[in-house]
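Lettered A, B, C, D, E and F in written order, each chain numbered from 1.
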Amino acid sequence: MTGIDTGDTAWILMATALVLLMTPALGLFYAGLVREKNTLNTFMMCLAAFAVAGVSWAAIGYSLAFDGDGALVGGLDHAFLAGVDFAPREGQTIPHLLFFAFQGTFCILTVALVGGAVVERMRFVPFLAFAALWSILVYPVLAHWVFGGGWLAARGTLDFAGGVPVEMGSGFSALAAALVVGARKDYGRQALIGHNAMFVLVGAGLLWFGWLGFNGGSGLGINQAGILAFVNTVLCPCATLVVWFLLDYLRGRQVTAVGAATAIIVGAVAITPAGGFISPGWALALGGVAALPCYFAIQWRPRTRVDETLDVLAAHGIAGLTGMLFIGVVASVSWNGVADGLIYGNADLLLDQALAVLVAPLYAFGATFLLLRGIALVTPLRGSETEEAQGMDIIHHGEEAYPTGEGALLFRTEPTRREEPASV
Amino acid sequence: MTGIDTGDTAWILMATALVLLMTPALGLFYAGLVREKNTLNTFMMCLAAFAVAGVSWAAIGYSLAFDGDGALVGGLDHAFLAGVDFAPREGQTIPHLLFFAFQGTFCILTVALVGGAVVERMRFVPFLAFAALWSILVYPVLAHWVFGGGWLAARGTLDFAGGVPVEMGSGFSALAAALVVGARKDYGRQALIGHNAMFVLVGAGLLWFGWLGFNGGSGLGINQAGILAFVNTVLCPCATLVVWFLLDYLRGRQVTAVGAATAIIVGAVAITPAGGFISPGWALALGGVAALPCYFAIQWRPRTRVDETLDVLAAHGIAGLTGMLFIGVVASVSWNGVADGLIYGNADLLLDQALAVLVAPLYAFGATFLLLRGIALVTPLRGSETEEAQGMDIIHHGEEAYPTGEGALLFRTEPTRREEPASV
Amino acid sequence: MTGIDTGDTAWILMATALVLLMTPALGLFYAGLVREKNTLNTFMMCLAAFAVAGVSWAAIGYSLAFDGDGALVGGLDHAFLAGVDFAPREGQTIPHLLFFAFQGTFCILTVALVGGAVVERMRFVPFLAFAALWSILVYPVLAHWVFGGGWLAARGTLDFAGGVPVEMGSGFSALAAALVVGARKDYGRQALIGHNAMFVLVGAGLLWFGWLGFNGGSGLGINQAGILAFVNTVLCPCATLVVWFLLDYLRGRQVTAVGAATAIIVGAVAITPAGGFISPGWALALGGVAALPCYFAIQWRPRTRVDETLDVLAAHGIAGLTGMLFIGVVASVSWNGVADGLIYGNADLLLDQALAVLVAPLYAFGATFLLLRGIALVTPLRGSETEEAQGMDIIHHGEEAYPTGEGALLFRTEPTRREEPASV
Amino acid sequence: MKLVTAIVRPERVNDVLEALYRAEISGVSITRIQGHGGELERVENYRGTSVQMVLADKTRFEVAVSDGFLETTIEALCTGARTGEVGDGKIFVTELERVVRIRTGETDDAAVTPERRV
Amino acid sequence: MKLVTAIVRPERVNDVLEALYRAEISGVSITRIQGHGGELERVENYRGTSVQMVLADKTRFEVAVSDGFLETTIEALCTGARTGEVGDGKIFVTELERVVRIRTGETDDAAVTPERRV
Amino acid sequence: MKLVTAIVRPERVNDVLEALYRAEISGVSITRIQGHGGELERVENYRGTSVQMVLADKTRFEVAVSDGFLETTIEALCTGARTGEVGDGKIFVTELERVVRIRTGETDDAAVTPERRV
């Protein structure tokens, strides 16, 4: 294949597989954080992302994000995969088809992330509708702004692997979704805690593994930016873990495991936009710095009345935002070949970063808010309190996560009932 | 190394690792679908595949599949790894040794798949014997027919990554195995349902991840066919999910999670033979189309008296068969450089595909049937009803999947017993 | 990037990700082997390795291991990542930064391994201190001896992927740690068995998957040694499984699943030092041979008073040692291009291997012993018996692995208590 | 009123439920437990640790019935649970002083009579 | 002394605990169980297998109280557990012959009185 | 006959089993439960949610014995379960009206006597 480098392509094939894995890994992570009766529903919100965003991306999402260089949104020339084949895109060394797939796994993951805000209560069918629309109207637009040659990219805003569309996009959409859908029945009154911390830990481990493809692959080949992002993605969460351990310890003389899993996510999110732009030393620093706002946001949010259930805003929105701004401060041409940050004498970059940090959340929040309000006009977003008490798994999926088989009868004919019942 | 491309080899190294991962992933998937008391046994059937097929492949299986181009079966020149070293095989750009390992992981996985038909009742030792023989007498023969230059390949039958040896091979062998071993004690009388739907979901996620190497690596390097197969393996299961969701919803207003996990498998199986031969658009269509026969087979089979327990036939046999025939219809030279299908004016291909679809199942079914009948002459295939009631884990492995430690005593000396016992 | 091969780099990127995954996989494996009340603590010891060793490696560990060619330890020129950037190291074709990260994941994993000796009783904070010191004073030194041009490497001792620093290093340190920390309260009196064999099996599966990067990547690119090590890592554990099945069966007519998981680890460990040096046939033999000492060590150890809880010595120390010696016997220039072993007429190699097998354990054992004794002067290594009875999770992490939410109250104001209590 | 507690084999649970169903005993609570009786103890191995497992999985039924239904209940339990091999379990009967239906606060006989389902 | 056994909905457990707490009943044991009563059975699907689930998750409270506290206890249990919909559960009361506090060996009334916590 | 119910610490289960074994009480059923008594409540943290955990893991023993063995049983339970710290648990004794051995249908005394094992 002309113009294709086998090494670059080998790595992006693998990176795509890694990002694809992140969605079930997220399902595992999320499922551990909810109560047993909502386990399957939570995982299914992630699998739903494959169904709706996988198909919508091929149909139109990719084109909206990556066709042409309109300021606000892409064109339709690549809709239904038109013109997407083996020849590489301009300036790339991997098949166009692979680029399409790699970017598609990002969109799928982001859709799944947003679900974290509304688990344990939102009905499954309206969620499917929301996910489908969101994957067309929100993600591709944000992706176009920074990756597809849109107005932010044009201004010089730097976002290596998705601080804007993935992290802030999901985080602030999650906030809107939580507000529209409303809090769970017993939120704030009872302790609603996850049922399996091992799922959370293993999920976080798999997510980190996948993130190496997510960030490391965003150089779209074997090049300095990709390598740098990869190594930074190894280092940054290590530093976040250190600071998170410390904060936990200072707070209660105990270092929590769910906290550690969260720290890994926060570290990986923070380095997502910055990976290919800052030095490994600064990546370690970013890991430590990002821990602070996210830690306190996660401590504080459950004390508010906003039931943004799995803290997508704190772990993704705020961490992503921190990473975006951090680029503006410590980016250095000597590592990224593109732009210096504030401490290297260039204040402009920080402004461009700040702009993105203002505008992307606004769009994500606003669009999600309207979308969900719209869907609510057609069908209720959540079920009755009784249904919520029984759990989403039984109601929406007709299954239990851990069936014992006891009391599961294959009755063929209903036994008839006598008149006088005997039992108490 | 002369003749070796580093990029091609990098990808096939990774693909091999991915396929190797599929066998434990299958163990997880399968273990979730059985009752708690048979969890370990089910997983162990998958690990057993490593032990028996891993060794038999090195000893003779590889040679039977890939040595020479006999019509029915390969030669013995590569037995015990003779002549398998760093130099690439003719026409390849990866070390011969790596090709051997890559293909070996396929054989291992396929052996594990067949076990799904007889879990919860077959004794472990006869299963080991069966697995060893099957890995020599069935898999390599089918693999030779389509991959090793055998008669089907010579006729022009297309099978990109294992529709014949892996999918139809396992599916129809599973049917035979279920018939010979017979139904579980309470099958058809009681509801025998899996104990952990999360295992099923996570297992499916890992299997999909591995499948990207399985199909994407079957181009044996970075080339159009491999890239196409890879991207199609991302897309096809998405479409299967959509249709499966729909069928589930129409049937019971509920979208099941175990169903979604199954849909992922079905989609990935369907694209296995077709991956490198059909366009991404048709891959999406295939995902949707394949859902139909498999969905109904899975609904219908448990109502029959055939206890093909984990529906290997439906999920692999029928999905693989669908994919094989689909190639005959929609293959296009413009994407695969090899052959057109029916709608592009070439009816011959469909005939060649149909032939494979007739003959491979016959061989797999017949050989498995005879093999198991033969083993049954030597040792019983299953234990007593009491053993089945207690579960395979305790009986065959002397372990429980989730031991509580309660009542597990490290008695050194048996306490002596007095004459008059006290308790009720 | 000059001097960089994209294919080599693609593979090492992937291999690094695979090794990184091994640490959470080890957490899963280990967590399954402990009692429910210590699940999270066990996993956290693995995550702790990321925090402490991830940072210490960047700060100084890497430099101690890989800077200069001092006999005993490296220099400080690469401390704090000085001089670690995109240009490859001498004789390599991958970016220096990537080499640093790849080797870092080894150090992290090894630290996590040592924890297996002291789970279920050691306090978390002293473990953090120990891990930090060990990752600076032990691992880099051993790594320098064989990988960084130290005295063993200079003599000609062969260690492909870490028999010395990783396997013997962790195994003999584990022994020392177990001796210093002491046995669990009820050890030898009660049966202390793991709570989730599925975690053990899935963990082993993921570890094997990761090990393909661990060994296969240790050629630092696409080359004969790397390919050979990769394929041998597929084959060797298969043979170990066969022999382990046999030993189990002969012993109790039952083939245990936890045993099978252990066999996979043992096989992968044994081939770690030997991977790139011995033929695939001998790799199979090594898999079988290594099963024997490890099997019997694991049977025998729990009957002693040494509570080396998760048998790191048997599974890593002894298996690694076996692999090291095996190289001395069967290495062949025709496969490795470096040195022949005893049976090919070269006795010297075996002596060099034997030397490593003597000295590395001594250093690991001694240093760990002193380190822990030192820490014990500052803070107690373990808590009270009551704390041990309650479990590490509640005491050190303030969490349960599988919270039910029942009895978890969000009390705002303590209800006041009347004088006369009513209940029994 | 009596409280009938039965310990049965887990693999017979659905049979017992059906037997109760047939006998029109519709209120029942079950618990997964472990028990030790006359059953043979088995040996299990976890790595080098061999243990004697003195407990087997069992299921505990709790059925509150009015006095007149006691015999029917015991019969149903026996029919559903019996295999004839050691380990089939035991039935324990205790006197119930009072029964309250939480939903309505009704007690005793009132709590005994379940409402008709349509 | 009486042994009060209550079967309640799992989602009401914490409410029941609080109600007991308010009523100053501080000794209680709970078990996760499954039950069948007047509740509607639901259908579940696992691949091709459709099953009628006749059991619903419930939680069982066991509270030993001295006779004088029986009414308070029942009241607290009802308050905490009632939703008014079918499936709220039942309370069973049996006579307790003896109570022993394991830690001290005290019996009956002595075992009834918990020590003050500071 | 009496039904002896004991709530003990999970980490003492095997000690209790041994104590019963020594006292030749061979029939016993156990359940994993959670309990609240005089124990100190602990605080746990799950992300931002701090909770007061009012329940601790406990294990419930159920032993049906003939009247003559009641004291031995209580003694064995206490011996096995006692640590001397708050939280050791309680023993409850209730009267058993009838015992049925499911396997044979024997009742009361006949059900009391286990068959000899060789």
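Quick note on the criterion: contacts are C-beta pairs under 8 Å (C-beta built on N, C-alpha and C of every residue); 3 or more make two chains touch, one makes a residue touch a chain.
Keep in mind that what you see is a predicted model, and the values were worked out from it rather than measured.
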Graph distance between chain B and chain E, where chains that touch are linked: 1
Comparison of C-D and C-E by number of C-beta pairs in contact, larger one: C-E
Cα-superposition angle relating the copies chain C and chain B, to nearest 5°: 120
Between chain C and chain A, distance of the C-alpha-averaged centres to the nearest whole Å: 32
Whole-Å gap separating chain B and chain F, where each centre is the average of the chain's CA atoms: 48
Inter-chain centre distance, chain E versus chain F - centres from mean C-alpha coordinates, in Å: 18
Set of chain E residues in contact with two or more other chains: 14, 17, 21, 26-28, 30-32, 34, 36, 43, 45-46, 49, 51, 54-55, 64, 85, 90, 94-95, 99, 111, 114
Interface hub residues of chain C, defined as touching at least two other chains: 5-8, 10-11, 14, 190-194, 252, 254, 256, 258, 398-400, 403-410, 424
Topology of the chain contact graph, where touching chains are joined (line, ring, star, complete, other): complete
Footprint of chain C on chain D - complex, ascending: 43, 45-49, 51
Sites on chain D touched by chain E in the complex: 3, 17, 21, 26-31, 64, 94-103, 105, 111, 114-115, 117
Interfacial residue positions of chain A with respect to chain F in the complex: 33, 191-194, 248, 252, 254, 256, 258-259, 262, 298-303, 311
Chain D residues within the chain A interface of the complex: 1, 10, 13-14, 17-18, 21-28, 30, 32, 59, 63-66, 68-69, 72-73, 99, 111-114
In the complex with chain F, residue positions of chain C that touch it: 186, 190-191, 386, 389, 394, 398-400, 403-404, 406-411, 424
